[in-house]
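As structure tokens, here come the structures.
In what follows, subunit A forms one complex with subunit B and a second complex with subunit C.
Our next item is the complex of A and B:
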């Protein structure tokens, strides 16, 4: 096989893209002394100590568990709220439907910081601070509009006649929705779940502010590694690598559906 | 009425359907205007009209998928105007091939029966018998996406038929199929309808299809009923030029002319005798219509009128040739059996029997129609 110029260019581009991730992996396998000691493209004396510490120290692994809990809650809430909403937007014409659809999207246009104080005040009042549900609900503000937007695209791709046919066949709405409609848009649901997951997983500001100890997310844990002895480079890099893993896994599962979403112009 | 037959006891519906002054408006647009229809139990009704005539809107109202803006829909004399489609005894087959993509063909056909709560054996028997009727018994385990268009539509038809609904609506079910498949399926459908006790409503844009199906026809145009009656009556006596145009393919040829004391003038040159049904027409100016299948390239009898024109276009369709002939600024289409070729721009004589002429007055209403033998 001959490498054409084009391929070489692409390989270089690919290399540049992957370099930071590789470097993080590289650092995660070295000790702090080694990292600070000198430059090495391949770790000379690889060690898994950093990973071991994360998996054995509760203050570290509980961060992952907390993140996974509120991300899952958020994804479930977002989907279960967005599915009926998207169905309504896709199937019915009602007063102000187009404006409302656009208004939903505008929720995403404001930076999360804008909502920080209201959320904090509100959740303090209700005693929700430092709970998983608090973070999950606050992330819904951004994920529900996105989920409605993506799902509406997939739902509108299903002919309305299928709904009508199901009613004529004698299906009730819940039964039709569950047994016929949802399977038809499962790629859309997969893609939506992925986006909800990703936003919630990487969001730092709200998650950190609304939690203190019991529900502290991994991203917040990572920002608190600065100690009197300086930064723990290796540990931080290992935590970073482990943070990428769930996202990469989820992408792997929805990679085929993503293409469909892109084709619909909704992703 | 409950009767026992080979499938065990089942409900045989003998539904009657009536629409009273039904109007459907969507925003400022009028989709249907003052529709009055009375459909007898067990009859076949063909809705004939060009696209956007309101055929689909009308069917959706009959099914209960849409609610009329005004007017009432009566089933067996009871008002069902606002009733949900779930509670109506109706099945519909769409123009697009609509099946549940995630169900196998078997499950697709079985779904209305399952919802009706029939027993497993009963469902199996009925699904297999209707699949056999439509020649898809070998495809029952496949998913709709793995089928050809014709097979998909057969599946949709099977699901429509299996339920034995009192009202079976078919919205141009054959229009997206290729020519041969359409012919084949149409014939099968005819024999299937003959055995049904339900009302069948069949929408089509094609006059030929309406003629083949027979039954009653309702000619729709721009949301109004133009004419209704038995298909053959409407075909032989279209009440207006517009109906003649809708119920002819290609559209009926029209030319202005006059009936004089003892002769007939078409355009300003063609002169012919005033025979047969033209004898009773009062002297005056009229529009004359003649269907393409009554125009010939060869003289058939001495009474034939001769029209000289120039070949504009010649199209071969199946076993027929359509010749478009320009005469005095009017374009005529003659339909000739067999395959012929005509050089464009050639001068040609076409012939018509005055006995095949439709006569319309200046408002477009029918004055005289040919006797049935010439139709």
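Our next item is the complex of A and C:
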């Protein structure tokens, strides 16, 4: 009986979770006139025009490419600097380690709005405005601390006897780290990569401020085009649906790592 | 087990330190610099000391935004944490349901924040939105663009919809880490579901819940894009949270000095609260990590 109640509760929760997304999908398959003309739970006359427009207009689809480029760069940078640091935090005591660890997390506490102007000036100085790398580096502000934090958790779950044994067997640190340790925390790296991807993909304020045209993220493209053409709800919804696709693909690929990571209880 | 003592570990932390320093310390110094000067234009600036801080601390519109922000973040924590734990408890533990649930749960988290706002505009508008039309169809007049209470309800719904899955994912991870033997022991002792939760599951989730509370507190306190897109901070100033106010000041009115001073105070508030939460949660109960420092 309790089992059944639990399932009904879950079904309701997932229903509520998916309803707004379904509604956007529904809108994206209708023309603007159709949307404003009448209310329909299921599109009566579905059309792919909105999607066609996005895929054929470079000012639309380049936004997706830009976002994917800087998000990927950010994920790679975050992981490669966070891996050794997380190892240090999980294995060693050193001068100021605890303070350093908490300080890292404090960087997530600064309102991104605070950094808008200084970032703009900093990156202007180096001529990096409107480049993918500028956005990627600025997103390290919140992704690197998070990556360190998550990876440290996973690494602490690996017994230190493994390290000791490898060193006794004459492994050098880089060789041990690359061939033994990293494969052991594969799931953790998958989960971390997912979180880095996610937070970089969804961030708008910094990405929008640091770019003008060449590296403009899709999220910013949406706000611009919408305000310029009046509100085309169908097109807006189609663009919105397409912003979910890359994330959904990524999570589909890491789902097994996620499940494994979750089984270890480390996020 | 004690960690190895070795200060050379600093070399491994150095890259992280360098990259976060570039993107945090240098900009923060710029903000500090602005906060004590009056800037008229390039090269024209006057040192004004703590004037901006005084102005910001006595600004009544900021006080209102701060109170709004506090209420908002409190509601977020009070609703999302228990709901997230509840859903996590109900999730399947094995089988095909696990990956499907995880993927579905992660979906809202992967949507860019301004698109979240867009989704909820489309969803709640009285004319084209499913939710808006349904509520109005029930005879309750609902319009988040005109009525402050409706705007709050919509923003809260959006926030709970958007972020509860994060709490669920974290809590679920914590639950999965509990060895099956604990539950067998509880079953043998004839423990009720509540007792199992209270004395086994809840204490074991302390670590992940700490992260969940901290993340939810920080991010809800810094919320910007979603309510900005949904309501633009209105109607009136009803949903003008601190970040929205800050961006209005810094970008809209170009009041760099006050905006910088406000930024620093804002940052310190978040820091203080997070530290308090961190300390409190570290010392609650007796966990396997030994209760903090």
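In this section, the second predicted complex is superposed on the first by the 241 of 267 C-alpha atoms of A that agree within 3 Å, B and C clash if a C-alpha of one lies under 4 Å from a C-alpha of the other, contacts with A are read in each partner's own complex, and residues count from 1 in each chain.
In this section, a residue touches a chain if its C-beta (ideal position, glycine included) is under 8 Å from a C-beta of that chain, and two chains touch if they have at least 3 such contacts.
Here the structure is a predicted model, which means the values were calculated and not measured.
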| remark: So, after the overlay on subunit A, do subunit B and subunit C clash or fit? They fit
| query | Given the touch rule stated above, what does A:92 touch, subunit B (first), subunit C (second), both, or neither? | reply | second
| field | Touching partner for A:65 - first (subunit B), second (subunit C), both, neither | value | neither
| Where does A:48 make contact in the superposed view: on subunit B (first), on subunit C (second), on both, or on neither? | neither
| note | Of subunit B and subunit C, the partner touching more residues of subunit A is C
| message | Under the stated touch criterion, which partner chain does A:172 make contact with: subunit B (first), subunit C (second), both, or neither? | response | first
| query | Counting only touches as set out at the top, which of subunit B and subunit C does A:222 meet: first, second, both, neither? | reply | second
| request: Answer with first, second, both or neither: which of subunit B and subunit C does A:40 touch in the superposed model? | output: neither
| said: Contacts for A:14 in the overlay, against subunit B (first) and subunit C (second): which applies, first, second, both or neither? | reply: second
| Can A:76 be said to touch subunit B (first), subunit C (second), both, or neither? | neither
| note | In whole Å, subunit B and subunit C in the superposition are separated at their closest C-alpha atoms by 8
| remark: Counting only contacts in the complex, subunit A reaches subunit C at residues 2, 6-7, 9-10, 13-14, 16-21, 23-24, 27, 35-36, 39, 41, 77, 80-82, 84-85, 87-95, 97-98, 100, 102, 104-119, 121-122, 137-138, 140-141, 144-145, 148-149, 153, 160, 194, 198, 201-205, 217-219, 222-223, 233, 236-237, 240, 243-244, 247-248, 250-252, 255-256, 258-259, 261-267
| said: Quick check on the complex: what are the subunit B residues that touch subunit A? | reply: 63, 65, 84-86, 88, 90-92, 94, 96, 98, 100-103, 111-112, 115-116, 159, 163
| Taking the complex as given, what residues does subunit C use to touch subunit A? | 1-10, 12-13, 15-17, 19-20, 22-24, 26-28, 30-31, 34, 86-87, 90-91, 98-99, 101-115, 118-120, 122-123, 127-131, 133, 161, 165, 169-170, 172-178, 193, 207-208, 211, 214-215, 218, 222, 224-225, 229, 242-243, 246-247, 250-251, 256, 263, 266-267, 270-271, 274-275, 278, 293
| query | Which residues, counting only subunit A, touch subunit B once they are in their complex? | reply | 159, 161-162, 164-172, 180, 183-184
